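Have a look at the structure below before the remarks.
Here the chain labels run A, B, C and D in written order, and each chain numbers its own residues starting at 1.
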Amino acid sequence: MTIPITPTQPTGHEQAVEAARGVAAVLAKDALERDRANAEPEAEAQLLRDAGLPGLLLPADVGGGGLGWATALRVVREIAVADGSIAQLLGYHYVNVANLWWVAGDGGLARWGRASAAGQWLWGDAVNPVDPDLDLLPDGTGYRLSGRKSFATGVSTGDASVVAGAVRGTGEPLLVVVPRGAEGLRPGGDWDNLGQRLSASGSVTFTDVTIAPDQVLGSLAPDGATPRSSLVTPAIQAVFGNFYLGIAQGALATAREYTRTISRPWLLSDSRSATADPYVLATYGRLVAATRAVQALADEVGEHLDRADAAGAGLTWEARGELAEHIAALKAVATDVALDVTGTVFEVTGARATSNAVGLDRFWRNVRTHTLHDPVAYKRREVGDHFLNGTHPPFTLYT
Amino acid sequence: MTIPITPTQPTGHEQAVEAARGVAAVLAKDALERDRANAEPEAEAQLLRDAGLPGLLLPADVGGGGLGWATALRVVREIAVADGSIAQLLGYHYVNVANLWWVAGDGGLARWGRASAAGQWLWGDAVNPVDPDLDLLPDGTGYRLSGRKSFATGVSTGDASVVAGAVRGTGEPLLVVVPRGAEGLRPGGDWDNLGQRLSASGSVTFTDVTIAPDQVLGSLAPDGATPRSSLVTPAIQAVFGNFYLGIAQGALATAREYTRTISRPWLLSDSRSATADPYVLATYGRLVAATRAVQALADEVGEHLDRADAAGAGLTWEARGELAEHIAALKAVATDVALDVTGTVFEVTGARATSNAVGLDRFWRNVRTHTLHDPVAYKRREVGDHFLNGTHPPFTLYT
Amino acid sequence: MTIPITPTQPTGHEQAVEAARGVAAVLAKDALERDRANAEPEAEAQLLRDAGLPGLLLPADVGGGGLGWATALRVVREIAVADGSIAQLLGYHYVNVANLWWVAGDGGLARWGRASAAGQWLWGDAVNPVDPDLDLLPDGTGYRLSGRKSFATGVSTGDASVVAGAVRGTGEPLLVVVPRGAEGLRPGGDWDNLGQRLSASGSVTFTDVTIAPDQVLGSLAPDGATPRSSLVTPAIQAVFGNFYLGIAQGALATAREYTRTISRPWLLSDSRSATADPYVLATYGRLVAATRAVQALADEVGEHLDRADAAGAGLTWEARGELAEHIAALKAVATDVALDVTGTVFEVTGARATSNAVGLDRFWRNVRTHTLHDPVAYKRREVGDHFLNGTHPPFTLYT
Amino acid sequence: MTIPITPTQPTGHEQAVEAARGVAAVLAKDALERDRANAEPEAEAQLLRDAGLPGLLLPADVGGGGLGWATALRVVREIAVADGSIAQLLGYHYVNVANLWWVAGDGGLARWGRASAAGQWLWGDAVNPVDPDLDLLPDGTGYRLSGRKSFATGVSTGDASVVAGAVRGTGEPLLVVVPRGAEGLRPGGDWDNLGQRLSASGSVTFTDVTIAPDQVLGSLAPDGATPRSSLVTPAIQAVFGNFYLGIAQGALATAREYTRTISRPWLLSDSRSATADPYVLATYGRLVAATRAVQALADEVGEHLDRADAAGAGLTWEARGELAEHIAALKAVATDVALDVTGTVFEVTGARATSNAVGLDRFWRNVRTHTLHDPVAYKRREVGDHFLNGTHPPFTLYT
């Protein structure tokens, strides 16, 4: 039996990028209003599904798009131009769905791939290692999952989630699947932060959630990790770099529209329009040049992750380490540039663009919020340690 | 007859600074909630009056505090540590009240000084030259004032305002007084911007407001300007520099409290507490060092403005020009440092400080909004032109 | 008749990069001593010839390597890691030799290509438009060339040079070829600048130098320019971006060797070695991440220039303009990053690395000197104007 | 008996500043040539003596100028505008001479003060704790001093030096006086570094130098230190901040002269002169504004050090700590600004200013070299630790 590809499932890179741009155009229309409303991104998630974006990384033989990470990351970036939150939701999803095969191998794909592709499932996660571990109480052949995670992107909106817990007694860290609406699963709906407001990143509580044996994807224990099973960290960091970049590009595009149509030349300027002011021009130029460099690096990283993913079980620790450092560099420089761009665009639009009716601050809020996910100083240290000492950090959910 | 000094009127520098700190302590308690509510700052204005802060620049012989600009600016800075908006309201007031004697001389003080001191009046203004001129229609010995200003700080909350209009026919620019509640005066209540949300900076409409002859303070015509009558620009720019500085200091103090009491050490850090993390410490150090330099310059500027004010009618254009450049330098460097500090403090508190319950973004929002008042690139150009070519820019409301 | 390829002529990308690395390894050995000596780079030029690098852009059918700009730029970058001056010499050469066909078409190649390939000629130039024009006095069917250029890279060392002059009377700007040793050609030997000291960039004087008709490559008149004939500017700017990048990479590699082998941990550091110091690591990381982004952009630019070159006479102004902006962005961001890297590396090596025996400053000197070739502020303005207004600047030797 | 004040001994602040400016004017004439020659600064030292600058900190009752640190630091800054090396020489001298009374109390002054004032002695030092300790071998009632210091500012040129050694056996650290020309004292003459080339900072070797009991100033043991005896560190760091500032001011003044008289407007600029270019003006403005802030902080620090010095034996550890943090902030921000200014001035002068005949790089070389004395990251950490945790670091020769 072959799974019929849904009519909207993009199966080529350009087609996927076009689909993403279509979604972005819709999201852009009321991005500010939705940001204010801070509601669950249900409609936004449906837009993603309707465009066939959630399925694009899944192999064609389970009905997915069969596309690679270069495409997935580019799609995340395109969405971020319009809406950083939804880009985060989708980007995390790609990492979560890839964990089906990275952690669980072909079995994971066999068990969850077809339904996921057919339904264009969005996958959330609750794996944040900063909180105490969730408890997996052995129960028959499975477990009962209990505990709370303070931040859990996409669990509330996703069709299923990957969740990290520790087996009571042994402490073994396992990654398990929890479908939407599972009994005992209760999202907190309490994400009210400065930025990334629609990323469905609030807390989630698990109370005796039943985990059947086929819901167990595998172990996250560092000593059992393989280069492939630990791709989660470079992949999620690559997602970050891409949506920071997309947000910066969105800020520049939004500012450009404002400068062109609304900004007035400064009283003391010799220029007859804001679009001819020497300082406005040079500031745009500085920001655009820096953004283009990040864009080139992000494109390079996408191809690198593609190659690493394609290596499958043959991926070496050395190759995984080089990939991680490439991506860490992207994360570090994307952070610097996106903060600079989103904070500075006000200087090329002028004072009236601080009106809340304009909402030009949402780009900065999104970048400022998410770039704190893990401290950029430690990401710089990691890049520096690799350059200076040739080290690859041990696998953690941050390295 | 001597005007009795109200019991709370500070008459010494230290006393005034203490009073300001007392007000700041009250304002700090609910600064975030008030920022969200975006209401008219009526209660806040009353706090200022109760502390005797509005009267401190007025001469003792009309019942004021008889204090100078070094004190007034320092008071603005102290208020800004807690609440940038209210610091703006008070800082603009000081410039507006000084215009009574800078523009109108002893007559201005005679007509408005005693009531102002006795009532601890707050003065607003509608002088922004970016909008079209307000119209002063000659009417008997006075005028009828009509028109609209998009931004007018303190008019809605102030007890009186200084307003710039152009006489119909001759075009002569006049500065006139409009008391609160004057018939035909209608504040728009429409200031809903990113920052400085309680600064009462919305639009105001004037419809046939009667201006009696004694409400005319004098001409703002550049060719009639004297060094003293044109102190309005350096003074207001000095106010800006001081409240940017105070906001930066407030951001650092707020972040410090958070880091000390809530922040956790990073997972990959060797430090057992966030307060010992090498990157947290060095980042605080970099920001504090830069802020201290601005603080020293602001103190220097306060004394310089004091000397210029004390020179009275003897102030030369040369001396006024040197003052203006000193202050322009403060404005430029305070802008750079305050943006850096308020944007970076998140990196020393960590991701959880992006919760809207914390509201750490209000410092950045305040600085980002107001530093666009006039483009910092042009202020840098002014400083550079003076350094390189020895120029002093002609008097405008921005130079 | 086919021209035999010299044994050392690289004809593949990887082979050329390897050859460049071989030359760089030799140049690195005494880069500092040669920098100090400030001699004519005769031996260095010969190294380039021996490795077959000058011929690689020439078509295979005249005996060249038949390689493209992506390779040429990468070769320039590799040389710059060791020696920025020689990278400049070679990079300028590539643009000069390409002018044979960009400006003169197949005829230029026919007249000069075979000798150039066979002899691995290095081409210099005297085209700097900042100086007054050189004078081309009509003389029979040719001209006599006279005048002086203050800066003329590679004329003294090159086997031939392209020289811009204006025809007396008509003022028409022509590009002509002057072979080494031509009578009346006198290099000044007067380049004694802060950086790029071996780039043979001193003045040159022409006194009645005979220009035969076949030495005339064509007109540089803006109104006669075609997209292809005006590729000189984007190409030279791409060369700049690549050697700035290579110099930054060289600074990082040199610093790394020093930190690893000589630097000691700071007295007040908890780390037992400089290579474990948290600030040293994070600083390396910040610089490396920024450099990688520039590197990715430079690689992208190389491929873009390849495509534009391959389009030949079919290149449109629109395509030429997009290329120019891509390259302008590289130039701008490479400038910023290379200055930052080369100035900051001292902070990861420590005070003893300021010894002149170490010479770590040569990287900064090279970047600081050449990045002033044309002001980066105007390059930023150009990028900004394109982004904001969609403009492509008119062709000049700087845009 | 009163010591006659030498005719040139300044005894007032303004007089001293004037004297310093006079010396600076002489030094400026051939600063570049002297920098190149890298000779011992004998003539320069004599200029300082002739102007009465070395004696100004010594009390009037031993024949000194009786002036304070605010004056001494300002004099250092004025000299640095012309010549950073000589400013370093003089600044270190002030700290060394103050050690006579800070470490040895009235006895130190009694023994060395009169000769020092009468002869306008310059004091060098060899106290750098990075090298292994010098050996003080007990010998009768005194010692024999042996060993080597890699860096020892002013020992070769000074009339006497303070030298730190450790008593053999007990390890007690002592500060002793070694007069110029003492038998067994051999300066290495080996300071050939990037910057501060005339600061006489080379190595020095001691071979059985006789130290009589009255040459012992006292103990440097941390547990015996008093707030006063440990002022050496804040004082030397204040000296650093002042000469970094002076060098930045010198760079700006030198660039200004160049821009005004030599720079040409950029080809693509609308301005008819470089002095009207919008980017040139704004860049000067940015640098000047930042420099003025450092200047204000340096003035504040001078007064603070004056107060601490005046407190004498009554100085508390708390007051010493607050002083140290004030000065650490100056050191940190002066480093940042001086590096920025001295590296950026080339952008306001243009490419021709990279000629070695201009020598505009000497300012950057001086700042880049000396700011590595102790890593600025650790100075930032110290400032941050004080701000965040209220700590005062234990006394070391760096804190």
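Assorted remarks:
Note that a residue touches a chain if its C-beta (ideal position, glycine included) is under 8 Å from a C-beta of that chain, and two chains touch if they have at least 3 such contacts.
The shown structure was predicted, so the numbers you read here are calculated from the model rather than taken from an experiment.
The minimum number of touch steps linking chain A to chain C comes to 1. Placing every chain at the mean of its C-alpha atoms, the farthest one from chain D is found to be A.
For the pair chain B and chain D, the distance between C-alpha centroids works out to 40 Å.
Distance between chain centres (mean CA atoms), chain C to chain D: 42 Å. Look at where the CA atoms of chain B average out and do the same for chain C: the two points lie 52 Å apart. Counting partner chains per residue, chain A shows two or more touched chains at residues 278-279, 282-283, 377. Put simply, chain C touches chain D in their complex at residues 129-130, 192-195, 264, 266-269, 279, 283, 339, 343, 346-347, 350-351, 353-357, 360-361, 364-365, 368-369, 372-378, 396, 398-399.
Those residues of chain A that touch chain C in the shared complex are 252, 256, 259-260, 275, 278, 280-286, 288-290, 292-297, 299-300, 326, 328-330, 332-333, 336-337, 377, 379-385, 387-389.
On chain D, the positions that touch chain A within their shared complex are 270, 278-279, 282.
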